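Next, two complexes with chain A in common: one pairs it with chain B, the other with chain C.
On to the complex of A and B.
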């Protein structure tokens, strides 16, 4: 596989992860807990889009938009019904509650849509093949949407009243409330934006692969790795973490360790010494540990005021 | 069917007479209970559902023919959830709570190996229905299998692919005893023929992305790729390979094609050649298919494995009739006789000294236009 192809694969993977890790990190930043239900919310969006696309016959783009909006609203309801009551109990209690919500969401999806693999009603992708790399139109869209989401989020954070209020709540919730910022209202927006992004990310992954009730569980480890690596609570850190992880996973698989370590001739390794593909998720952990050893708060992590 | 029914009736009558002499006070209506473990949910649910239907069909016929020395046969079905852990939960329940002496199933060597080792340690008979790892041979005297092992399938599949004139070969197989068995035997056969083996990729089940595995598989451009995958994973692997524009020059060659033929996106699997297990002709198969259609309707998804489950149920019933008791040593001994006299839907079902099949039958097929057709 060419060097260019590895870069393309890495960017596609980073874009998918970024959409999911962005929401996870802003929920942590504003609400102060690691939301283990984050990727399961994404799966709810994936299946709502499936329902709209396959059962109601909507095009995939309107189906994805409507499903993401609906999933954001569902997240707000779950926050009001479950997380809000736990907020004063501390981060650990809310985190454990999110585990319960994750299991409930996964099994609800499974009960409604079944355990079998499904696909959206979209045509199979035809790759664009060049001498240096191949890429599908959907993968181009994944990169474009990933970049656009990051840019929009940057604009939201720095050039809107909501963004400024979000940053104020993140820095000091009590001071923000004393200054007249409606904290609960900001939390509502945060849930909607975070889960909306996650839903879009999930739908894109579903389009590129297939749709299964356990797909949220399958993606949660790299999403958490990217978020923590970048510095949990920092949206730019989440984007950077996703990028580092995307590149690490893809490059890690194509390093010939026999050649790098100079042991090919000693041990008569003729086919090269590569990491088996099944260990791809382990690369995430190794990189995470290495980063945290050097920067315990993550790449862009910083101490919170107070 | 008539021939089989006569043979079975004869065995039942003889067994019934001998049992009547030995046990004077049997309760006629009390059923003989056996267990079944199949993947009714999860990755292999399509095959598991078909297997349950095959067993239920056999059960109906057995009880219509008089049951087992006058007692009706009853099956307790448990779901393995397509996983070894689910399989272990199922056999624990069947043995410790339901106290069964015979269990039929499972699908996949990855499930049959741990469950078989445990049931064997408890002296409970287990008859695997769709498991093919050569490691099954080592389990012990209470473990049987009604399907030929991978050593036969792997060799025959490689021989088929070698006829294409390909020079370089690679494989992508599921990372469990079944997949590794196929990998080992195809590689062995290819190397024996003096051809080049480039890469053996093993993938884990239940992943949501196989691009890394596919990239690795095609990195050295093999002429032929041997492919083995359960339904759900095959759907994604073939879709991703298709969308990545990657295809071996001389094609994919797959084992047990009905594991995935009902689930893949047809365009992605077009032209895959390979083998299906079981006889493709014969009156027994025709009768089975007709009875199946009659009971479940034309729309019910059939795989090759339902017929093996059907045969396993009949063999278990025959052995129970011959043994005349539920002592597992006696049933194990009777299974060798039952396998020898039973004329199976899937062919001869004789067991070798390890309780494995002496032979099995494979048909060359090609997947085209969304269907499996005989390869000519």
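On to the complex of A and C.
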């Protein structure tokens, strides 16, 4: 695989991860707990889009938009019905609750749509092939949507009243209330935005590969690693973490460690020393641990006041 | 008639009761100081009035309306302003954004006007409008905290130890600002103070709170002249 190709694959992966890690990080920031159901919510969006697209015959774009809005609304209801009751018990309790919600969501999806792999009904588009790399129109879309999401997020946080209020609640929820901000209504928006973005990310992954009830479980590790690595609670950290992880996952498999470490000659490893493909999921963990060793709060992690 | 009346308030954190039947009131446009030893429950009283903690018994009336169980943000919409002792600004927001948050419940134009007024009242804030509030000095933070709370043009401003941790000169400035605010806006003010000389001097009345109960109340000038109170609570 060419160098350019690995870079492109890395950026595609980073875009997908960013769509998911952004939501995870703002829920942590505003609600104070690591939501283990985050990627399972995304899967709900994936299957709702499948239903709209395959069963109802909608185009994939309207299907994805409607599904993501619906999933955001479902998240609000689950928050009101489940998480809200646990809030006063503290972050650990809510986190454990989210594990339960994750299992419930995953099995509900499986019960409704079955366990076999599915695909959206989209016309297969010809990839663009150059001497250096190939890229599909979908991959271009993934990069564009990922970048747009990050830009929108930045605009939201710094140029809208809602975004500034979100930052205010993150800084100091009590002072936010003293400013007339109803924290519960901010929480509602946060769920909608976080899970809406996650759903879009999930649908794009589903389009690029295939759809499975377990895909949320498959992606939770890299999403959490990206979020924690960047500094959990910081949206820019989540973006950066996604980028680092996208590159690490893709480059990790192609680095000849025999050459890098200069031990090729000693051990006579003629084919080079590579990380076996089966270990790809472990790359996230290793990178995360390396980053946390140097910066225990993540790359852009801040010490939370109070 | 009193604009704010807190009657026989029992309140605390979780199940632990800190206030055991405290009463106080505020006339419209009045300045009242609450003094008392550390841990007496002064901050707790403000948090109870503002709606942050559970009230076990008692009633809080605002313009004769029962508002005992309203949330803080609902009270802000009714004309309450509150500057806590710690965490009186949003540190990662700019000075300007802090003021914008203060105007969260007001319209866009009212907020713009409010920010201009705040900059006139505290020129130092205009100079550092784009700075993060977390980088301000203690005195500047206190000014910003008050300016933030004033954005809604409240009729009640509650200040929890506005001069705590400030150098004497800065503390002097803060009290001048409070007086200035009072003259310009006519808002009623409740001040909590450890070092209460300054505060009582600009107040109409004062309360002494001890161990979660009313110990004493009187006109501010009389409290300042009272030998016993001076000795016990004002450091002689």
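Operating definition for what follows: the second predicted complex is superposed on the first by the 305 of 306 C-alpha atoms of A that agree within 3 Å, B and C clash if a C-alpha of one lies under 4 Å from a C-alpha of the other, contacts with A are read in each partner's own complex, and residues count from 1 in each chain.
We adopt the following convention: contacts are C-beta pairs under 8 Å (C-beta built on N, C-alpha and C of every residue); 3 or more make two chains touch, one makes a residue touch a chain.
Keep in mind that this is a model prediction, so the values were computed, not measured.
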| item | value |
| --- | --- |
| Touching partner for A:161 - first (chain B), second (chain C), both, neither | second |
| Chain B versus chain C as contact partner of A:280, first or second or both or neither | first |
| Touched partner set for A:214, first chain B, second chain C, both or neither | first |
| First (chain B), second (chain C), both or neither touched by A:121 | neither |
| Which of chain B and chain C A:171 touches, first, second, both or neither | second |
| Which superposed partner A:2 touches (first chain B, second chain C, both, neither) | neither |
| First (chain B), second (chain C), both or neither touched by A:179 | second |
| Of chain B and chain C, the chain that contacts the larger number of chain A residues | B |
| Contacts of A:107 with chain B and chain C, given as first, second, both or neither | neither |
| Chain B-facing residues of chain A, complex | 1, 5, 9, 115-117, 119, 124-127, 129, 134, 136, 138, 205, 208-210, 212, 214-215, 218-219, 249-250, 253, 271, 274, 276-278, 280 |
| Complex interface listing, chain B residues touching chain A | 41-42, 45-46, 175, 199, 201-204, 206-209, 211-213, 215-216, 219, 231-232, 235-236, 239-240, 242-245, 263, 265, 267-268 |
| Residues of chain C defined as touching chain A within the complex | 50, 52, 71-74, 76-77, 81-84, 87-93, 97, 100-102, 104-105, 148-149, 151-152 |
| Chain C-facing residues of chain A, complex | 161, 164-165, 167-168, 170-172, 174-183, 302, 305-306 |
